[in-house]
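Shared between the two complexes below is chain A, which pairs with chain B and chain C, respectively.
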Partner chain A sequence: MSGFNTIDPNMLDDWLTVGPATRVDHGAYETKLLGSRVRLWRDDAGQLQARAADGRALQVQQRYGYLWICASEGAQPKPLFDFPEFDEPGRRIVDCDGIGVNVSGLRMVENFLDMAHFPYVHSHYLGEVPHTEVAPYQVSIDEEADEIWATECRFYQPRTSGSATEGVEAHYRYRVMQPMTAMLYKTSVPRPGAQDAIGLFVQPVDEEHIIAYCLLAYFEDTLSDTELIAFQHTIFGQDKPILENQRPKKMPLVAGYETPTRCDAMSGAYRRWLKKRGISYGAIS
Partner chain B sequence: MAAMSWQPVLPSQALRRADDIVAGFINGEELALWRSVDGVAQAWENRCPHRGTRLTLGRILGGRLSCAYHGWEFEAGTGSCSHIPAQPQQPAPQGVCVKTWRVAEVQGMVWVSSRAIDAAAPALAARAEQQFCRSLSVRLAGEALQQRLRALGFAESEPCIWRGELGGVPAILYLTEAKTDWTMLHLFTSTADQAIVATQASRRLRDAIEEGA
Partner chain C sequence: MKLYDYELSGNCWKVRYLLNALGQACERHPINFHPGREHKSAWFIEQVNPLGQIPVLEDGGFLLRDAQAILVYLASAYDASGRWYPANARARGDIQLWLAMAEDITRSASAARLHDGFGFVHIDVQAARRSARALFRQLDDHLAEQQVQGRRWLVAGEQSTIADLACFPYVALAPEGGIPLDEWPALRHWVWDFRHQPEFIGMPGILTPAL
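Let's turn to the complex of A and B:
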């Protein structure tokens, strides 16, 4: 027994992050994943190693500046999702590290995919009353990669990023790669024709506790790392009390328990995609 | 006490008109209590039907309760959704509703009952104890709590209402069965001077109840 408190293959067979790669720079690092302790370190040859609470060796890799564990026993894990912007010349990679949130990771990802909350939760930053309308956008499934996309999203933002000096109609694309990881692409302020990329990597500490990590791949050369990180932390800090006050903390996938509307098309697609995968971890189904 | 339909959950004065949204608890359910523009107390399930956000995080806008997450607005009385800011041109879909509870205000307390129970609100005589002191919670409920209250010299004068003395002044306690092992006590006395005495004496009340159990 590894002690992981789930039999959900959506969690066990997926690559789950346990934080930035710098965690193992100074010796062994212990954290909690799927309700159980895991331990990571670099051996004398510099190779990453990871063990479950029972001492079983776990599959581990470092990618995109982050540590990823596959908890499954034996099975050959699928490749980690693509994040081509990470290696694209001209982009700055800034790691914002993580914030602990007392909620299911699925609720966190759904919040990340949502524009309608901008004028209320991120007032004067990512939205502002009376600019509350969510214009129709496109949702599609990439069958080959088994990913969800939302495209043609746009929203008026008084301060879209740390370097914004005036309001803009920001263009967004959203992408869900795994139940606990997503990306968004939004209009770059210094380079309006291009899109900055933000990755959300969720570490499910247990079903109702997560660490939400945020990684930026930005076209940005005016702001310091600290300024970019501070802006993201402000935004995450605004979401945290909302997320921690959702009842129940797990995401209800039962029909009729929560009521979506047209502008929740992305959230609806995410929930249907989770249901189709038979997810149980962090969900009520 | 478990069979009680109506329970006193909050002093009426805690709800200012179209202003406060206060959390309350009854039989394991969590409520969002507020007062409409025309002064009528509202007791709603503390959960937005859209994405489950606690409505106590919201605010009152134009007499409606607006949820903190997406600004959905819900009407006093029915709890039905009347405005979705993300699609302002469209009427809100029919039937999107917060679960509401029956409310009555008697003796300066907000009383709440499930809609499933068809009993009239309690008819109580006006009382002398008009001065609200404080609310406190104790980790005890039902018969065990009643025994402790009797041991401390209190007697049940009407359902959910206990009378006795604290620090030598008259004290009246309204009891809400918040959860199976957790009761809210709302303490009143007669005058402002007595309220100082009763509030001070109440600091030991929780320990006296819980330790004696």
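Let's turn to the complex of A and C:
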């Protein structure tokens, strides 16, 4: 046994992040994943290596500026999800690193997908009372990649980003690539016809503790990295107590436990998608 | 004035709070505390604060570090009403006591929050939580006595002072460091009262009551 506290293939067979690639720049790096210690380092040839607590070698790769581990003992892990915006010319990549949150990773991702909380939790930034209505949007499943998409989302935002000087109706798209990995695309302020991309990569430390990492691929050339990161951390810091006060900490996938409404179509799709995959880690099923 | 600031820092928030309450405009210079550790960078240590800590306030060429010291300075310089740092020997003696307590809270409750939220894995989080709980017990006992006498704040008087302001943020943020406030009712009452003052402004992690 590797010591990972799950047999859920949704966790073991996915690529799970353990943080930015810079973590292994100065020697070996230890962190916790799925309830157990993992150790990563570069060998003399510069190749990335990773081991579980019991010494078993783990599948590991560096991509999108991040370290990814596949904990499965199976021979061939699936390919990592596609993030074409990362390599797209003209975009600036800014890593916001991670913040620890005392909650299930599934709840974290669900919060990331939710627009309805903007005017209440992110008042004066991503929303504002009385503009609380979530206009209807489309949710679909990309069967080939097994990803969820929400499109045609829009929301009035008084300050949609660090460079916004006036309120705009921001257009959003959301995408869930893995249960612990999602992206959102939103109207770029300096380039209104284009969309900035924000990646949320969740490291499940255990079922109720995570580190949530955020990576930006922005069309933005006025703000400094510090200003862009400060804006994201402000938004994230507003979500954190809300997430940490959710009870139960795991996500209920049982019907009738929590009541969704029309604006929760994305969340509903996410929960159904998780249920269909038979997820148990960080969930109550 | 200029404040070297990080949005998620409770110690920076104290200073922003008092500046706002006193109606003092201030330029904010954001420091990339996490993940950049800019407060430990060579330029910051050489030019701003040799201790490598935020907040730091600059006012007309006067550079002052340490959140509590900045509160004393701002209240002394810009609070004509005398509300925040009353010119009264006993009140000032009492306030000094709680400013020192605020330092201890930073070293314990804030350290636990940095461990849990910001990847400060070298911190002994169990020890930090133990110290914070002992401090919160003292605060709760004192506030309970005050409340029995019909007082709401740490120091005798109708309104909160920099004593309350200095201790407030890392008490309110303590749950982020794995320290729920359930066992200290007088402390929770005080957090509630502080948040419901008319001049209250929040920060990420401490919501303004209107929401």
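Methods note: the second predicted complex is superposed on the first by the 284 of 285 C-alpha atoms of A that agree within 3 Å, B and C clash if a C-alpha of one lies under 4 Å from a C-alpha of the other, contacts with A are read in each partner's own complex, and residues count from 1 in each chain.
Throughout what follows, a contact is a pair of C-beta atoms (placed from the backbone, for glycine too) under 8 Å apart; a residue touches a chain by one contact, two chains touch by 3 or more.
Computed from a predicted structure; not experimentally measured.
Visitor: Superposed on chain A, are chain B and chain C clashing or fitting side by side?
Guide: By the criteria stated at the top, chain C and chain B fit after superposition, with no clash.
Visitor: State whether A:D225 touches chain B only (first), chain C only (second), both chains, or neither.
Guide: second
Visitor: In the overlay, answer first, second, both or neither for which of chain B and chain C A:P248 touches.
Guide: After superposing on A, A:P248 lies in contact with chain B but is clear of chain C.
Visitor: Could you tell me if A:Y120 is touching chain B, chain C, both of them or neither one (first, second, both, neither)?
Guide: In the superposed model, A:Y120 contacts both chain B and chain C.
Visitor: Can A:E133 be said to touch chain B (first), chain C (second), both, or neither?
Guide: Once the two structures are laid over each other on A, A:E133 reaches chain B alone.
Visitor: Which holds for A:Q238: it touches chain B only (first), chain C only (second), both, or neither?
Guide: In the superposed model, A:Q238 contacts chain C only, not chain B.
Visitor: Between the C-alpha centres of chain B and chain C, what angle is opened at the C-alpha centre of chain A, expressed to the nearest 10°?
Guide: Result: 50 degrees at the vertex chain A.
Visitor: A:T261 in the overlay: touching chain B, chain C, both, or neither? Say first, second, both or neither.
Guide: A:T261: touches chain B, not chain C.
Visitor: Counting only touches as set out at the top, which of chain B and chain C does A:D95 meet: first, second, both, neither?
Guide: After superposing on A, A:D95 lies in contact with chain C but is clear of chain B.
Visitor: Once both complexes sit on top of each other, what is the least C-alpha distance from chain B to chain C, rounded to whole angstrom?
Guide: It is 6 Å, taken between the nearest C-alpha atoms.
Visitor: Return the residues of chain A at which the contacts from chain B and from chain C coincide.
Guide: On chain A, the residues that contact chain B in one structure and chain C in the other are 120-121, 241.
Visitor: Chain A touches which residues of chain C in the complex?
Guide: 6-8, 30-32, 34-36, 38, 116-119, 175-176, 178, 203-207, 211
Visitor: Can you check the complex and tell me which residues of chain A touch chain B?
Guide: On the chain A side, the touching residues are 110, 115-117, 119-121, 129, 132-134, 241-242, 245-248, 252, 258-263.
Visitor: In their complex, what parts of chain B are in touch with chain A?
Guide: Answer in residue numbers: 30, 46-47, 49-54, 57, 68-71, 84-90, 93, 96.
Visitor: Using the touch definition up top, name the residues of chain A that touch chain C in the complex.
Guide: So the residues of chain A touching chain C come out as 20, 95-102, 120-121, 123, 211, 225-227, 229-230, 233-238, 240-241, 244.
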